[in-house]
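Dumping the structure here so I can ask a few things about it.
The chains carry the letters A, B, C and D, assigned in the order they are written, with residues numbered from 1 in each.
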Amino acid sequence: MSSTTGSIFRLTSYGESHGPAVGAVVDGCPPRLALDVAAIQRDLDRRRPGQSRLTTQRKEADTVEILSGVHEGRTTGTPIGLIVRNADQNPGAYDHLEDVYRPSHADYTYDAKYGFRDHRGGGRSSARETIARVAGGAIARALLAEAAKIEIVAWVSSVGTIDAPEADLATITADLVDAGPTRCPDPATAAAIEDAIDAARRAGDSLGGVVTCVARNVPPGLGAPAFDRLEAALAAAVMSLPATKGFEIGSGFAGTRLRGSEHNDPYVMVAGQVRTTANRSGGVQGGISNGEPIVLRAAFKPTATIASSQQTITRAGTPVELAARGRHDPCVLPRAVPLVEAAVALVLADHWLLQRTVDVLPRHPGDL
Amino acid sequence: MSSTTGSIFRLTSYGESHGPAVGAVVDGCPPRLALDVAAIQRDLDRRRPGQSRLTTQRKEADTVEILSGVHEGRTTGTPIGLIVRNADQNPGAYDHLEDVYRPSHADYTYDAKYGFRDHRGGGRSSARETIARVAGGAIARALLAEAAKIEIVAWVSSVGTIDAPEADLATITADLVDAGPTRCPDPATAAAIEDAIDAARRAGDSLGGVVTCVARNVPPGLGAPAFDRLEAALAAAVMSLPATKGFEIGSGFAGTRLRGSEHNDPYVMVAGQVRTTANRSGGVQGGISNGEPIVLRAAFKPTATIASSQQTITRAGTPVELAARGRHDPCVLPRAVPLVEAAVALVLADHWLLQRTVDVLPRHPGDL
Amino acid sequence: MSSTTGSIFRLTSYGESHGPAVGAVVDGCPPRLALDVAAIQRDLDRRRPGQSRLTTQRKEADTVEILSGVHEGRTTGTPIGLIVRNADQNPGAYDHLEDVYRPSHADYTYDAKYGFRDHRGGGRSSARETIARVAGGAIARALLAEAAKIEIVAWVSSVGTIDAPEADLATITADLVDAGPTRCPDPATAAAIEDAIDAARRAGDSLGGVVTCVARNVPPGLGAPAFDRLEAALAAAVMSLPATKGFEIGSGFAGTRLRGSEHNDPYVMVAGQVRTTANRSGGVQGGISNGEPIVLRAAFKPTATIASSQQTITRAGTPVELAARGRHDPCVLPRAVPLVEAAVALVLADHWLLQRTVDVLPRHPGDL
Amino acid sequence: MSSTTGSIFRLTSYGESHGPAVGAVVDGCPPRLALDVAAIQRDLDRRRPGQSRLTTQRKEADTVEILSGVHEGRTTGTPIGLIVRNADQNPGAYDHLEDVYRPSHADYTYDAKYGFRDHRGGGRSSARETIARVAGGAIARALLAEAAKIEIVAWVSSVGTIDAPEADLATITADLVDAGPTRCPDPATAAAIEDAIDAARRAGDSLGGVVTCVARNVPPGLGAPAFDRLEAALAAAVMSLPATKGFEIGSGFAGTRLRGSEHNDPYVMVAGQVRTTANRSGGVQGGISNGEPIVLRAAFKPTATIASSQQTITRAGTPVELAARGRHDPCVLPRAVPLVEAAVALVLADHWLLQRTVDVLPRHPGDL
């Protein structure tokens, strides 16, 4: 469904970039979860524009209000309404775009779909819509932490042609990631990325990159064969984020170049637990989590809005030259990190709850 | 939902590798579509084991029977029941695996999820489940062809470290793809792949690879912002196929290394139609199709079942040495081609029908 | 799903009686629909408390704000966010109920379900939740009117033991219904009902009754066999309204006492249209609309909150005597009329859009 | 969704009256449930035509085959495929109806919806579709019995104008109900009903009636506020059965004539359990079960197919006289009993599993 996702832990999203507000409804969150509005705000602040000179300078406090579903600091089990008022919407800044299709934006496709041109800064395809996911994801994260000690950490692993060395999946934390404005946890790479983003901005250009994400302490058994494969749900969540062009889990595309004897994950017992020695599977086998860290990567294209002049056409089909005047990020990667974490948290919360409907009858130690 | 996918054009799948039958129910297919059982059988034959010496030698005719929803060669609008009886299930061949977790298979994760060990050849995680998708996908393909002239063609673009040259997206056809057993349309690459698969089999090893897929004549306007982004639905469909580890649309991961000025797709008018000059977007912008060919790539890991000896553990956690004795494909890529096509067809049929619920009220030439 | 209903035209509801706000998100409404906030407000005003001396005296203006999805008076095709701030929530008025289970209220069942006692006036089971449906229903009604000239009119047909004479289904209008505070269109019956409600209030007691609803100009073909039968969707929508205990379509329970030869609806041609002579089917045959007016009835129990003293128990199981002190309606029927209309409008909008995905391929004049 | 129902415990149905087979897929049934095909067959036999002289004489053994999801007598957690071959379909018997719209049948509405006239005995609107529900319902019943000791018993409480005395909800059993061919547990009423059905058949006429159903041992807490109210789900399930025209829970329409002081259900403690003294609520308050027996009633219209001559029209709109020649039931009530039980079982299984996703976090005895 277009604006609702999830089967048990469900998120409904609404709001445009330049309307009065954006918001979310989280339904299916279990009751009695301790939930502080500050926990939601913390993730929104990591997504917020203007948080550093690397991001768009649109000024939005993005203050969230909880409208329902929480009473005296705990969830009630009923839908949690969330709202963020738009403060700096400034739709007039887009008037010169009313009749122009910006390259690699959703202008033309919106027009084709809806027969309606809401030119005010991307309307619903704007990254502002992701406020709903980050807010909902923060609640999912709180549930996963309290109910299952699951931790989710994402970071920038490349920008443009600059690649960070592989992070230690077992020890990386959000504090390490958030230590600098790039959200790349390797200091040397972070410095190079910062320079590259500055240079791109000065050149009126933009950069893409890759976010890597790990989920730790995911119990074995989440997901299912066929259409509810955990990697399918994760791919859908990640690929529904703006500007994504690719998704990998575990060995990804590089794994296709290995032989089976190299790629397979042998099982071993470690401290009484079933473990694999290599985790090329990325924590998922046959669509179901195996208890290893879930590791995935998301490709984000370079920002479509650039200050350089570009050729395009008007709604009437007339060629026109276009130079961006709106506020924009020269590289979305630093702000994409909380988006990927939210996407993963929403999927895992949903599947963790779904598994509660599977493991219902007693296990028979003998014959089963 | 685990075994049902789609919101309007819906596919429900059932059946295990070594049970009596596998099958599907297709619901939401419009009435009055000409539908010949031979069209479904043709795609099943392309998926069938034993179709060449490159595939598993399990003997299955995989003959499909239509149980409902079709009357005198046309769909009736009611659910289309489909069944394929398993002929060569031979579950006894797996008895030696009853207590062993095969590396990179779903054995352990199934056990963790269901507390139930159906060791008969992978149960529901077996590739035999994909019969349902291929059969349902064939119906989706027939609808897309009749209603919108949409064509979907997939092919093997790499196996192991052997990469085919880029295909011509405008002219490639299923006939070219199916000309040889590898389903790689470039004859020189196909020959190299054939040798590599033969060598892997002799070595008791396996290979992975990449399938590329193009959908032509997709009208602009399919998909939606937020959770129904077309690339999200495509990613979920592809990543729910067994053995997938990655998904790309358009420029994919390589696109993250370009600058915005290089990556953007300028619009031009060609023969009265809005077109882009480069299609790095892969036919989708802001989650909505733009009329360009949709181009995507799927990464398939090397087959987990190999004849070589491997270390693993039993259900009790005891280390054990394992050598495969079942029948298996040394490389799933040739048989993966119809799977990817079916996944894409199911998504496009669903979104094509969904768009019928959007474009309902008259367009106002003046103000809209 | 608990707080979302519909498959294409979808309504998500949030908010408690005594929290900051109640609201709704309408997703799947087609773009380009003329939509005035006043049209939504008009139905909310008909639902509003304090509209006459027959209703609860809780003071709420129930002013709705549109947060998204509407631009310059037309829908954009994206989700329509709606919010109504609670003004007179006064949760302290319920403090004496914190440990008491009110008879025939949801207090005990909430506690059993959620392990959480939100005693502030019924929480989510309060009739304030229906604001979401009435607001969403007003949008559905606007769509049905513009796209298909469908009209929906409901009225009070009985209160307690006072039954109105049968209304003329072809001519009854909302203006006739809203002419008096009872929403019973027959003046003599309306006067008797008004007296009965006044008397019940004075006696510290409450009354139930029946709402009848007609939908005119519904085209034939809406609904489906099996689980999407139109009467099933209508029953679910109506029976999800608070205080409902029964649902009938067409001949209802009385029809079970007729013989088939009396009950059957013979077909005739009238002015070139297929019609039935009796409409005992209530506009639906085999789960699909037949073009006749859809006629249904909803039973509402007497209000559970009464001023008279009642025996009940505390959370600890101790017997206790209870007398209501909150504000309440002695009879919900007058305010239930817009609720039933909204429920019916939401179902018809959804099914009208669904039928757009069915009637896709050309009809063959000869054999089809 | 037209042919799938349920959110966790899901049933997909396929098949027409006169095609090769009807069948079902049950998805979401937990693993490790003991499931005997004989338990499914037993309920199908209670639904079967030709089981007594009171029913249609179509000869169908209705033998069910399990195609998947069950291994060595236990469910595996994967979809359960079920198929019943049609034996006595005899579509030629309907050739004389090819161009005629039978009164109060789905002939005209099918044509309006699908533009397709499958005149072979009602196609998908035939009562044969209910085989899927009865088979799926038998699995739901097995789950409810094993997991929660829930019992569901339905019976015929009236036929035409013959009403049975109220049954004892606490003690009525399926054995009592099935003691005679009418499925009315009161012997004197059963005899009168048997005579009435015989007389209706001889007169070429048909009868309707009411089925009452009780579900015992339903734990408190199933259902939810808003759209997942338990009575809404039950109403949808029951009203999606063929020939239903009404639904009541608890006091139903008669309850609207009581005052609140008469209607309210006072709470008392009985043997350490919260109970009500009257159960006018029918086991549901605020949309959530309260632990009392759930009691509901379903109205079935008189069979539309009658042997007497009737006036109707052809597809071309020409008046025509029609007399039924197919095989049919003069009264569907005896066979409707297992249908209502199945509908109720499917809803309760779904909601029982859903509640597993709610009651997840520890209950805090102090503050909650």
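Here are some notes:
Simple rule for what comes next: contacts are C-beta pairs under 8 Å (C-beta built on N, C-alpha and C of every residue); 3 or more make two chains touch, one makes a residue touch a chain.
Values in this document were obtained by computation on a predicted structure and should not be read as measured data.
Farthest from chain B, judged by the mean position of CA atoms in each chain, is C.
The interface holding more C-beta pairs in contact, when B-D is weighed against B-C, is B-D. Once the centre of each chain is set as its mean CA position, chain B and chain D turn out to be 38 Å apart.
Spacing of chain C relative to chain D, judged by their CA centroids, is 25 angstrom. Separation between the centroids of chain B and chain C, computed from CA atoms only, is 44 Å.
Residues of chain A in contact with at least two other chains: 1-4, 7, 13, 28, 31-32, 74, 77-78, 113-116, 123-124, 225, 358-359, 363, 368. In terms of which chains touch, the assembly is arranged so that all chains touch all other chains. Residues of chain B that touch chain A in their complex: 1-5, 7, 13, 101, 103-106, 108-110, 112-117, 122-125, 129, 158, 160-161, 200, 204-210, 219-229, 231-240, 242, 244-253, 255-269, 272, 274, 276, 280-282, 284-291, 297, 299-306, 308, 310-313, 317, 319, 355, 358-359, 363, 368. Chain C makes touch with chain A in their complex at residues 1-4, 10, 12-16, 19-23, 25, 27-28, 31-32, 65-69, 71, 74, 76-81, 83, 113-116, 118, 120, 123-124. On the side of chain D, the complex with chain A involves touching residues 7-8, 28, 30-33, 74, 77-78, 146-147, 225, 353-354, 356-364, 368.
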